[in-house]
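Okay, structure first, notes after.
Per-chain residue numbering starts at 1, and chain names A, B, C and D are given in the order in which the chains are listed.
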Amino acid sequence: MSSIIGQNLKISLFGESHGNAIGVVIDGLNSGIRIDFEMIKDELNKRRSLDNISTSRNELDELNILSGYFNDHTTGTPLCVTIENLDIKSKDYEGNLIRPSHADYAAQLKYHGFQDYRGGGHFSGRITAALVVAGSICKQILKNKNINIVSHIKSIKNIEDDDFVILNDEAVSRLNKNYFPVNNSEVKERMIALITKAKAEGDSVGGVVETFVLGVEGGIGEPFFDSIEAVLSKLIFSIPGVKGLEFGKGFEITKFLGSEANDQFYYEKEIKTKTNNNGGVNGGITNGMPITLRVAVKPTPSISKTQKTINLNTMKEEDLNIKGRHDPCIVHRALVVIESMIAIGLVDLHFSRYGYQWG
Amino acid sequence: MSSIIGQNLKISLFGESHGNAIGVVIDGLNSGIRIDFEMIKDELNKRRSLDNISTSRNELDELNILSGYFNDHTTGTPLCVTIENLDIKSKDYEGNLIRPSHADYAAQLKYHGFQDYRGGGHFSGRITAALVVAGSICKQILKNKNINIVSHIKSIKNIEDDDFVILNDEAVSRLNKNYFPVNNSEVKERMIALITKAKAEGDSVGGVVETFVLGVEGGIGEPFFDSIEAVLSKLIFSIPGVKGLEFGKGFEITKFLGSEANDQFYYEKEIKTKTNNNGGVNGGITNGMPITLRVAVKPTPSISKTQKTINLNTMKEEDLNIKGRHDPCIVHRALVVIESMIAIGLVDLHFSRYGYQWG
Amino acid sequence: MSSIIGQNLKISLFGESHGNAIGVVIDGLNSGIRIDFEMIKDELNKRRSLDNISTSRNELDELNILSGYFNDHTTGTPLCVTIENLDIKSKDYEGNLIRPSHADYAAQLKYHGFQDYRGGGHFSGRITAALVVAGSICKQILKNKNINIVSHIKSIKNIEDDDFVILNDEAVSRLNKNYFPVNNSEVKERMIALITKAKAEGDSVGGVVETFVLGVEGGIGEPFFDSIEAVLSKLIFSIPGVKGLEFGKGFEITKFLGSEANDQFYYEKEIKTKTNNNGGVNGGITNGMPITLRVAVKPTPSISKTQKTINLNTMKEEDLNIKGRHDPCIVHRALVVIESMIAIGLVDLHFSRYGYQWG
Amino acid sequence: MSSIIGQNLKISLFGESHGNAIGVVIDGLNSGIRIDFEMIKDELNKRRSLDNISTSRNELDELNILSGYFNDHTTGTPLCVTIENLDIKSKDYEGNLIRPSHADYAAQLKYHGFQDYRGGGHFSGRITAALVVAGSICKQILKNKNINIVSHIKSIKNIEDDDFVILNDEAVSRLNKNYFPVNNSEVKERMIALITKAKAEGDSVGGVVETFVLGVEGGIGEPFFDSIEAVLSKLIFSIPGVKGLEFGKGFEITKFLGSEANDQFYYEKEIKTKTNNNGGVNGGITNGMPITLRVAVKPTPSISKTQKTINLNTMKEEDLNIKGRHDPCIVHRALVVIESMIAIGLVDLHFSRYGYQWG
């Protein structure tokens, strides 16, 4: 509580990592939308990231449409999609040794031992697959309105990618297709080498995802509690592993003078700004410039290196050797989840303004 | 839309900078709470910050209790508090020259010219006084449960404060009384000198606020959409001028290896962690360690230096000389608003768990 | 908790009968609406019902617009309207003798003695004046879309009005202007005589309000929890004194056979039904026929006749002689509140569908 | 939109009559509840009502627990339960002939032809099975607090049952076990005979369900929008086929004088009222007396008798012969759905007051 979010587009999320299925109910979609399921599968594959640098858990992520879809179109009633959990190895987990920086202990305090601890239960990144389903549908709605979301991996540990140079349709399309999108291909190789090394050492690394939303008209969002930043931040900080978020220049803008930070307006067919230090948002409302943001994703807490922890049964210190199958890095997998959350938030804000038939 | 937030403690915010009054309706408070109005006045004074480095607009901020308070206690029904706008100089503003990095243009797109542009209207920092009223009451509720919120100004532009050394009751009390709380007094002088210089030059500076929440029990917050981080981020990004937020080590944690980032558990009367890189939150739920966070506050966009902008009537470029009374820095004023939002969020999350009679 | 309702048009209600002021915050209104305040005053006067058959409490009901209105138009930000309580005689009330069928005892259990008992506090019908303000604005929005709400007093105690014969514009306008709208003027005289008699005897009577909503397009409302009936029922059962609600033929439809109850479709320029036993709603969604409903309003519980009750201090039985100024009948005063709630609900449902810029 | 209801206990409903599955996500349940699935099956069987007087559609209603249940207890995370649709005969339905008093036409207007029309789609009474699952769990939570819900069929068409005489545990238990609970067994026989006759004639009948909630403490519910009556009415009017609802004496109370209608308080170990004309609710809040209410359920609109209707393709009148398998009466099946909705509403209101760990 609460696993439900949204005002006009409502998402209801459920599932545990090793339960029967995970899923999502999406309410508020217009009727008559033809969903591109191939695109959803592509997005899910980005999250699964079947490469050498990710977990070897291999879920097919086949979608079961339980409701809300008929004759190849949305009906306008709640769309429920589930994904079964198939490739489960529950015996890898033990509940009594709380894993550092995992939800194990917090969950214990909250649920008094009744939580499904297998594979992280409801706290598992696995659940985000259902968010990607919802987000993919929202991306399709946005794309029909010429709104595109594009990201790159800004950094892995201390290796930084170059900034976007030109964000034309070609670049967007290229980055969107990539499972590990980095502007500078040489940097990318170094990033992957670093992840591979962390894996070999039983360790993990984190990084920063940078995202641009292109094509959002001005005037979207609300003052105060439904500001673009407020709505997106709630969605993005819902993603496991996210520890920081900034819009526009973010923390760096605090180093500027006001005269340097202010985005000067000019007119060229429409009103634009010369810089975009505010990330396309003023007073919580879009100004027509791209929305830009960066998200800090922490190193995966599941590492195979031996760690010290407490055994909840004995309250004694013990060595912890996490077995299971884990990711040395989830930054590239989190990227598509971040984009999904942004898509969900933007559709909801547009629905609030234009009605949920906007799609 | 929407100026309402909260699930069990609901806040309904209203007002414009130069309208008749600003105010807030607070619904969900237990009956029988004796409010300390002197403390609210102190908190409001922190926000007003009547010093040489802030705006010369001088509002008495007298509270009018319209409802929900009887015989010196809350009644349990909606508490409406208003503050009249008295010290108004509306002629200082013109609506047609859009101020860079202000909400003027975005509001124009959203409200089609019907917005109250005087003094920033509903987008003015002035409105946050009503949030401080709500936040102060929530702080009192939290304090009764031995939950304290304490902050310092982590940085102004590139001047950084020292980290907290010891956060005992005395330190909390001392920082909480301070209108410009900085750990290192020499750093504080340099910060104020910098702000004074910016003011003299018709410019402005920003900075970072760092906040600790002490005494929150473990098990508060929810997975996903009502995680501590999600709930607090929505509230904090609602504050005008906030461009970044991080919990625990935040963006810096992405530079760590997993083995360095993980907070190792140990047992000493209760389960604690040796480090607190995750800022007291795992899986969206408190683990009993202090909640720590940092907020980036941008340089005030209102500066008296001449800037270029567009005149909405002519769509031509013009020189903009913002008159009015403005702040060369709002970081210290925003600090109490940030704390207020945190207090509101924490009370709401506690109410969700324990019922709104928890206070 | 909760004094807030609505999804896209949000109403936040506050106030006590003998507090400083009552009021409402309305969030979600489009910018640029010119409000007809004379019409609101007319609606408030219907609720005040300054005649011989109502309370002698005489409130001027002057509106204070605190926010959201600028240059004679809505700004699109929260509109806060308050009405001061002026004509207060608090000494008429005592808190310890709980009045039968009033909220006194239930409020005592809920608020543990901290409630403002004066004049019924937050439970007073007085608070509904703020709802009429919100409702009047919504009526204006609906009227601009050719949606009209019209009611008559269907019965006072056992005296029944005739059914509507023709509901043309003239009839709607005539009934809407009337403070005590009854189709049959001879019936009306008997109703008023009955109320006058009840008043003379220190007693009270109740009755039924019947309402038609004309001009609502088909397709409004949602299956299940946001069905027209569900949304309107929540609003209408929020009104103090309402004990029953039925749509279309309501309880009487249970006496019909299915073949009699079913509303047969026919085509005449558009699809219509020959009967309207379902009150314009099928499956929770409008079908284009008028929405029809009836509301049972109980006899005012405040009567001057001596009653027995319990003294909360002594737990002993005592005679209760309610002084104060009370209504022998509130049916005609409740009528405009019922219409207000319907208007609020319909605007909200339209906003959900078309966006809050629909108005 | 919106298929989600509740504040602290949230229900998210989905499914179509002839889709893959129907289901519900329940969020906000405490962890550690052992659910009695046999009891849920019994409740579902009441709704299925496998007798001669109900539809011959025979669904096994096997529950699939997708999430939120582990080691025989709730985990505290969202509980998703689905029921597959197995016994489907979709060819019985045609979409173009709109059935009188069904949602067909309203749905067409709303969803523009994309709705799943088979078996009524999302508007089918079938979906209420998912509500019964949620309601059954809530009933179990209430029962643990000695709160019991009991109903009888007050009337079928013009045949009326006797009032409850004594509502002791034995009577509650007896009525709760009955699929067709009527106080007077002779009346029951006449009711069933009437339904059988209607069935034989290809027609249908409706009736009234009367429900008592026993054991609710005083002080539950809120003034205005979350009054007991407001909350329950929204849930009850969400049920397909409901056209009227009254609390306490309901519409009949309008025939009383105030002095007759008022429920006089007396003291006997606790404060009680001599009569219960207000149905246990004053000012929207429980007063400790039983909550009483009556619900009007219309005659099933699906009848096999030939009816006239419009063909949406041709806009011409045609004869309609509804085939499919239909109920000559749904009153006894609706009864358990009504109770379920009441249970959901009461748990939510208790959670709002005491936290969602109240169960």
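The rule we apply is simple: a contact is a pair of C-beta atoms (placed from the backbone, for glycine too) under 8 Å apart; a residue touches a chain by one contact, two chains touch by 3 or more.
The structure presented is a predicted model; accordingly, all values stated were derived computationally and were not measured.
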Contact-graph distance - origin subunit A, target subunit D: 1
Set of chains adjacent to subunit C and to subunit D: A, B
Centroid spacing, where centroids are CA-atom means, of subunit B and subunit C in whole angstrom: 39
CA centroid of subunit A to CA centroid of subunit B, Å: 26
Mean-CA-position distance for subunit C and subunit A (Å): 46
Residues of subunit D whose C-beta touches two or more other chains: 1-4, 7-8, 13, 77, 110, 122, 223, 352, 356
Complex contacts: residues of subunit D adjacent to subunit A: 1-4, 8, 10, 12-16, 19-23, 25, 27-28, 31-32, 64-68, 70-71, 73-80, 82, 110-116, 118, 121-122, 356
Subunit B residues touching subunit A - in the complex, by the definition given at the top: 1-5, 7, 13, 98, 100-107, 109-110, 122-123, 127, 155, 157-158, 198, 203-208, 217-227, 229-231, 233-238, 240, 242-251, 253-267, 271, 273, 277-279, 281-288, 294, 296-303, 305, 307-310, 315-317, 352
Residue ranges of subunit D in contact with subunit B within the complex: 7-8, 77, 223, 351-358
